[in-house]
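Letters A, B, C and D name the chains as they come in the text, with residue numbers starting at 1 for each one.
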Amino acid sequence: MRLVAEGLSARRGEDLIFNDISFALGAGEALVVTGPNGSGKSTLLRVLAGLLMAEKGSLKLENGPPEMRHPSELSHYLGHRNAMKRELTVAENLSFWKNFMGDSPGGSGRDLAEAVEAVGLPGIAHLPFGYLSAGQQRRMAMAKLLVAHRPIWILDEPTAALDAGADKLFAGLVNAHLDKGGIVIAATHQPLGLERIQELRMTGFSGVDGGLWHDA
Amino acid sequence: MSENSLAIRKFSDLANPTRFLALADRVLPWLAVVTALFFVVGLWLSFTTEGDYQQGETVRIMYVHVPAAWLSMMCYSVMALAALGTLVWRHPLADVSSRAAAPIGACFTFLALVTGSLWGKPMWGAWWVWDARLTSVFVLFLMYLGLMALNRAMDDPARSSRVSAVLVLVGFVNIPIIKFSVEWWNTLHQPASVLRLDGPTIDPEFLRPLVVMAIAFTLLFFTLHIAAMRNEIWRRRVTSLRRLAARSAGREV
Amino acid sequence: MMSHAAYVLASYGIATLTVVGLCLWVIADGRARQRELRELEASGVRRRSAEASNGETR
Amino acid sequence: MIALFLRDLKLSIRAGGGAMIGVLFFMTVVAVIPFGVGPDLNLLARIGPAILWIGALLASLLGLDRLFQAEREDGSLDLMLMQETPLLVTVFVKCAAHWAATGLPLVIAAPLLGLFMNMDELAIGATMLTLLVGTPAITFIGAVGAAVAVSLPRGGLLVSILVLPLAIPVLIFGVSAVYAAIEDPAPFLPPLMILAAITLFFAVIGPVAAAAALRHASD
């Protein structure tokens, strides 16, 4: 399996956020997207997750399952928000996503107890999600990556609310995913302590392109 | 002054949740038994006494309808007192009491409305008329439901207790309106015949079962209210324990 | 004068249903809360002493 | 998909959910009417079906704006957009859950309010039936409005304004079916069939349009 992006560029509204981004990731490889605030890291990840249309360029999965329409269907996306309901318990949240997302071909998700154990928070899955602290909520959102199998993980600032111990734990999860032949794309300020990474440094687009309403 | 504050401290000692639970455990079985006894006697009386020459058998509906209507108002008065306790003395049990009373009050009000409707159909020929008494009781029912919805919507009792207490007190305006609506406005509903300044006008034949049923319903209310308060205290313990569990989880990692 | 027994029976029936339903709800609610408390205590969560003397904080 | 249905149902029943609020609003609106038009029982019986329908229409619009907004705010919508299951199926299931939590209680509460309006048994039955057939259409139309207004900070009022005009046909045929049932010469079945057709039509169009709007609203 190989994820190839060629000459991607994207707009938000009128503004061209980035231009001509290309990379290729094989199984077991990670891409770490770095760069200052506003350089378009989040936008790039949302394009990769299929949530934004790319202005130009293409994103293809080579040697993937044939019947799939967009790589996003094989991706996990962990954005700034956790996609968990405060009113439901952690277990209800996780089992909903496990059922709703299902597993991609070529693997199966872990069951709830295992996933909660893996993020280091066993024994509180019966609590409403809203009772947890910000760091605990983030870790439970990571447990979501484990309950449904997806070969590609797209992570936007995954370790933002986490302490050092949880950072290490998360790096372990990502490494385990890579060892099993997964692909990880992460935007982050902190070093994740990963091996086999490519780094993509976003500088922010500074070229002159006013868009439709101006002369080039 | 010091006596007064001592009395208040004693009162709040008694109303301390743990003591309340112990007290409730001791009182509830007895209360339940006495309630059941009163209901047995009340039901027996209400089916053995004679029918009214004017209203026929339907007078028996009165033995359920009138106590339920009384209780719907008394329950709200209890809630209003509890709301006062929440706002003035900031007593934690007052909010528990107010919350526990709302569903019970809603049930009794529902009962009063339904039995009144069943009594009205043969007497007036309509299930429902929009006169002052009936309408104000219906408004009371809506208020109970609204308070229940409010209590559910705000899951943090510490914040919601004040808000709902204010609403309960504002809504208390409705109680005198219900009580005196039959006298202030000329309505289809018959005026009060038991609780009057110049003594009851009702025949003792009907008064006896009515009083027994009223006592039975009142006892039932207190039994259920104490049990529901106990549930509410347990519910809050569960909540605080869960928050504690969430705080202490994952520390050792 | 008609006896209207059906109306009387209906109102007593509905009253019984409502009251019994209310009682059952209160009992079931209490059982469920106690079970939750037991589960929490079994899973090792303890009230601190301050909370033990004052069961409902927050 | 059943998981989504159950989750939405749970959410609307748990604290802060809108299931009970809708019925309460319905009851309050209907209870207010007699104060406005006066307690004339014959008049109330005549306008009762129309009032029940308008009350149900307003009550079912009440919680609609949160249908997708809540999902968007916590990021769940992103994940729903990414899945292999077509978005329109997801939207359809969410609508069904929303209707089961808010529309169905309205149908169940309608007979009680019908008694208050002094309507006879036939009129109450007809109103219940038409509400049962017609309210899903309101939910499906509302889903389009909710999807269009999903990214607006104060979309609630806008959703109502967008949806109300579209819901007028539902109201027309719902009320006319009830009156056809009460007043003898007019046949009951044709307006009911048209109402059912409207519901089926919007059950298809609504999710498609809402899904398209959601795709383009994501940023």
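In this text, contacts are C-beta pairs under 8 Å (C-beta built on N, C-alpha and C of every residue); 3 or more make two chains touch, one makes a residue touch a chain.
Listed by chain with UniProt protein names: D = Heme exporter protein B.
Because the structure is predicted, anything quoted here is derived from the model rather than measured.
The most central chain, judged by the distance from its Cα centroid to the centroid of all protein Cα atoms shown, is D. The chain with its Cα centre farthest from the Cα centre of chain B is A. By number of C-beta pairs in contact, B-C leads over the other of A-B and B-C. A straight line joining the Cα centres of chain A and chain B is 54 Å long. The centroid of the Cα atoms in chain B and the matching centroid in chain C are 15 Å apart.
Centre-to-centre, using mean CA coordinates, chain A is 46 Å away from chain C.
Taking each chain's centre as the mean of its C-alpha atoms, chain A lies 37 Å from chain D (Heme exporter protein B).
Among the residues of chain C, those touching two or more other chains are numbered 43. Of all residues in chain A, those touching 2 or more other chains are 123, listed in ascending order.
In chain D (Heme exporter protein B), the residues that touch at least two other chains are 15-16.
Against chain D (Heme exporter protein B), the residues of chain B that register as touching in their complex are 117, 126-131, 135, 138-139, 142, 145-146, 148-149, 152-155.
If you check the complex, the residues on chain D (Heme exporter protein B) that touch chain A are 1-4, 7, 10-11, 14-17, 73-76, 78-84, 218-219. Contact residues of chain A toward chain B in the complex are 120-121, 123-124, 127-128, 131-133, 136, 139, 165-166, 169. Only residues 242-243, 245-247, 249-250, 253 of chain B touch chain A when the two sit together in their complex.
Residue ranges of chain A in contact with chain D (Heme exporter protein B), taken from their complex: 12, 46, 49-52, 68, 72-73, 75, 77, 79-88, 92, 95-97, 99-102.
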